[in-house]
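Several structures are given next for inspection.
Note that chain A is present in both complexes that follow, paired respectively with chain B and with chain C.
What follows is the complex of A and B.
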């Protein structure tokens, strides 16, 4: 239990130390950042067993009791998010060691990366609204700087757009937190939950709408998605992997789940809103992805589509739907991070992101080719890879809930996903070697290592889906199904 | 621009900037007793350096506080704050535990580790704001240099 603050202490501390040691050799910052993220990647697994015995950990900062003091809450849902965030972060850092050599100021990069990581860990652990907002801003501001890290015109423009949209989202969220504070006089989520129980009013609905719009912007659900296709492709590849794989989930989807399920409590209208927005972004993102010729831009639109799928599963609200959505959260982090790292490796070796200028790369780059094939098949839902199971669960959930039309749409979008990933494979990795690509070599070994590790996670989570479901996912599903019972658990414990 | 502003501005700035700095330090050290604290105090200290930079030009201000020093101050401030919070685990078992003796209320040395936290925050904010300012004027100068 004393391990919980370490999720913030390690990344924050190493972020500032890395920046301080920036003037020394680059290897120092490489080693420090890798060691810190490796520790963080192992830490959540050490908490699985104690958590399964206790059910929930409430950490009181400075020994102040919950409604008055700041508390950190670790339950099944937070643990699932921590596993996803820190695993992907470690592999992205491992990849950056080689990939970021072409950029200057590597220590600043590591510093910003670790700050972003600290922010995300804080968001998923925080037990009160204001700390959630503060950590969200830490992660978001670090990510604005990281998107612009290449300082080319295109990257600066994308970062500026991202920053404007992100700030609008933050204002909406802060305004809503202010409303909640004025209504209840408390910022502690559990305490707010108990006060709001059974109450209805225009102001409560208004603050819910503001939260939905704010976190929807962060999660890039369809009407709020415009920044994502610019921001995610412009960032360096490991950052794209973090943004698409983890950040939109920790800042957007997780916050929506926590606030609507555990604080306000779900109702039928909210469930329809989530399902409609989810279906909209699933179909829209998929159709837009089909037309892209830029490798990373295609992946970015695909992220919108997959986030839509997750919202659809969450919205239908029964066991299978939520289980599928949370499993897809995990799976999407693994295969989308993998595909972004693949695109980075291709860009590193060939210097282009245009799919039409590539071709036949799987011969020249066997590791990248093979892992991208695995990633593409997983995301399209080919059995026995992990994407198949999560999509199956979501469709089962929709059918049990009686939403047959949405179930059929999900199956059709899955076919659409397969179509645009086949396009990637066809243009980039199969066929004849493209012009001027005769001398292309495989990416450096560390980059290959992290891609292979993610591919193994994709296959492993597909084959061993049952233990993962029982050990990691079911506690998380239970948290969401308990709904507003969360309050009494936190305040009682 | 290179040699700063007129004589009047420079004399006044030379006279005023130490007082601004002392006031900033006062605000930081009395953060636990009166309105203010690490953040406003840090901003006030940074504003003293900003005033020096504006009135005397970049070179003179650089002799007082370099950009790299400001950046080190910033990181050190954050680390001080983090270490104090972590020491709570070591001494009392809880993160952010106020482990020092609380002392008598309304005395300068009281409230446990809050004054130390304020000093950390003051370093962080002062260094950070001054570094941001230097970065902005540096960018401006570069842009002008290209225009000529």
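What follows is the complex of A and C.
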């Protein structure tokens, strides 16, 4: 399938062209970045039908056969991630056209954004460990720079913290890749999978622990979460939407799923570890979110909580759990991106992020108010919005696996989620208009357009969950349930 | 033995990152960790008495070192330089704003 490298080629190429052309005229860079991301957002949908016929596409770089050459693998799970990443990226770029006017050097911003996008697409498609590491670093370095983009004191501090944690995570991952290479003599994930099958040993366990710590740091699961509540709110709003909605999933959750399910193979201990870490971050993130008064910081803690929910669903390992987790991955990208864009619109119009200084904004900003209400309701799991179905599937998975206590905790955390989003609605959007907010106007039309598009995705995915489940999610679930059978598909195909 | 030394170097770097209060010393800790991992990768590909893997006439039966880790390490070093450049630039900006390198005094974010 010759379309696969385009996912890296388009953003990498346009990243450099945008920066070059943006020096002459800023509108050129706006148009170019929007066109590139629009193309990327359409491309995965064109691959759905061919992929459902073939099952898996392996692209061999320079026609070298897999164990020796570099290969890109597109299967159901990668396609799901590609759809999420590129859709959110397109809407975030559309939003930044108006939002980023207050910053200087807009073309540099687009360049970094597209580099980050190229990195994420690469991570999702890469078929060997070392390329995964390289693309991960491309995405991570671009995101460090983007967090510090405003160069205010807080932003620099947050970026430094993020960068130290991120570098430690990268070193751990590289160390583990070295260990894997010394044990198996191969870097191709499928080939490593076949060699490691049925083997046990201290060094294999050690490398698994290193991978879990490294990717756990990238995914901000609870013991490794400290950087996220600083880094995500400090970035400009469309970048917060990308980081919280997509980056932690592509770099963290996706990599954990791919490596533990398809290369090492799941076992009962690993599933317990994932479930315990997931439950811990779900409860911890939710409790910490409840006491926040900064709009974006609250959303960041809520991200930790939702990532915990995803890990919990993955950990229980049966069909419904994995289906729910992957659906929640999709849903969380839509509503968390929406809510971060809402917070950006509020900050754009009122100039503050403190919830207590706001009030009555849904009258002054009808689009922002309505879309944030939809986002809040669907993240809290109110039927028929999309968050309800994914949470239901995860709870069903937990009950089928016999983990009743965890199921009850999930329901309680869902109530907790509703509580802190009602707090947001109550302070920011309902009630009397806050002091000094009489002249607040609605955000510019392009910003409203991308928020409305995300709100429509939230409602649409809730009503039409069945076709989405059958067409996009089930192939992804099948990839994870096949486990180490992935190797023979890649090497044989 | 070499593996053990790599691990010790790695732990020294980790110690620096976790304990030191100065921004630049933390950066040095990260760099030490990176280099220990690079050294580890090189050691994995090393064979005693082997030569560089270049096939010349009459070199049929000589054993070669594994060239793949060397290629990986070159890439890892380049990535490491990019990270280092960005993080040092960040340290300079932080110093401009806070007039100090002491992380206990750089604490405007909390919660």
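Quick notes on this structure:
Just so it is clear, the second predicted complex is superposed on the first by the 493 of 493 C-alpha atoms of A that agree within 3 Å, B and C clash if a C-alpha of one lies under 4 Å from a C-alpha of the other, contacts with A are read in each partner's own complex, and residues count from 1 in each chain.
Note that in this section a contact is a pair of C-beta atoms (placed from the backbone, for glycine too) under 8 Å apart; a residue touches a chain by one contact, two chains touch by 3 or more.
None of the values given here were measured: they were computed from a predicted structure.
On the superposed chain A, the positions of chain B and chain C stay apart, so the two partners fit side by side. Look at A:20: by the touch rule set out above, it reaches chain B but stays clear of chain C.
Of the two partner chains, chain C is the only one touched by A:160; chain B is not. In the superposed model, A:12 lies in contact with chain B only, and not with chain C.
Touch criterion met: A:292 reaches chain C, while chain B stays clear of it. When the two complexes are overlaid on their common chain A, residue A:230 makes contact with chain C while staying clear of chain B.
Look at A:59: by the touch rule set out above, it reaches chain B but stays clear of chain C.
The wider contact with chain A, measured as residues touched, comes from C rather than the other of chain B and chain C. Chain B and chain C, viewed from the C-alpha centre of chain A in the overlaid structures, lie at an angle of 40 degrees when rounded to the nearest 10.
Contacts of A:191 after superposition: neither chain B nor chain C is touched.
Superposition on the common chain places the nearest Cα atoms of chain B and chain C 6 Å from each other. Residue overlap on chain A between the chain B contacts of one complex and the chain C contacts of the other is empty. Within the complex formed with chain A, the residues of chain C that make contact are 10, 13-14, 17, 23, 26, 30, 33-34, 37, 40-41, 44, 68-69, 72, 75-76, 79, 82-83, 86-87, 90-91, 93-94, 97-98, 106-109, 111. Against chain C, in their complex, chain A makes its touches with residues 130, 134, 137, 141, 144-145, 148, 151-154, 156-160, 163-164, 167-168, 170-171, 174-175, 178, 181-182, 187, 229-230, 234, 292, 294, 297.
Within the complex, the chain A residues that touch chain B are 2, 4-5, 9, 12-13, 16-17, 19-20, 59-63, 70. Residues 71-72, 75-76, 78-79, 82, 85-86, 88-89, 92-98 of chain B are the ones touching chain A in the complex.
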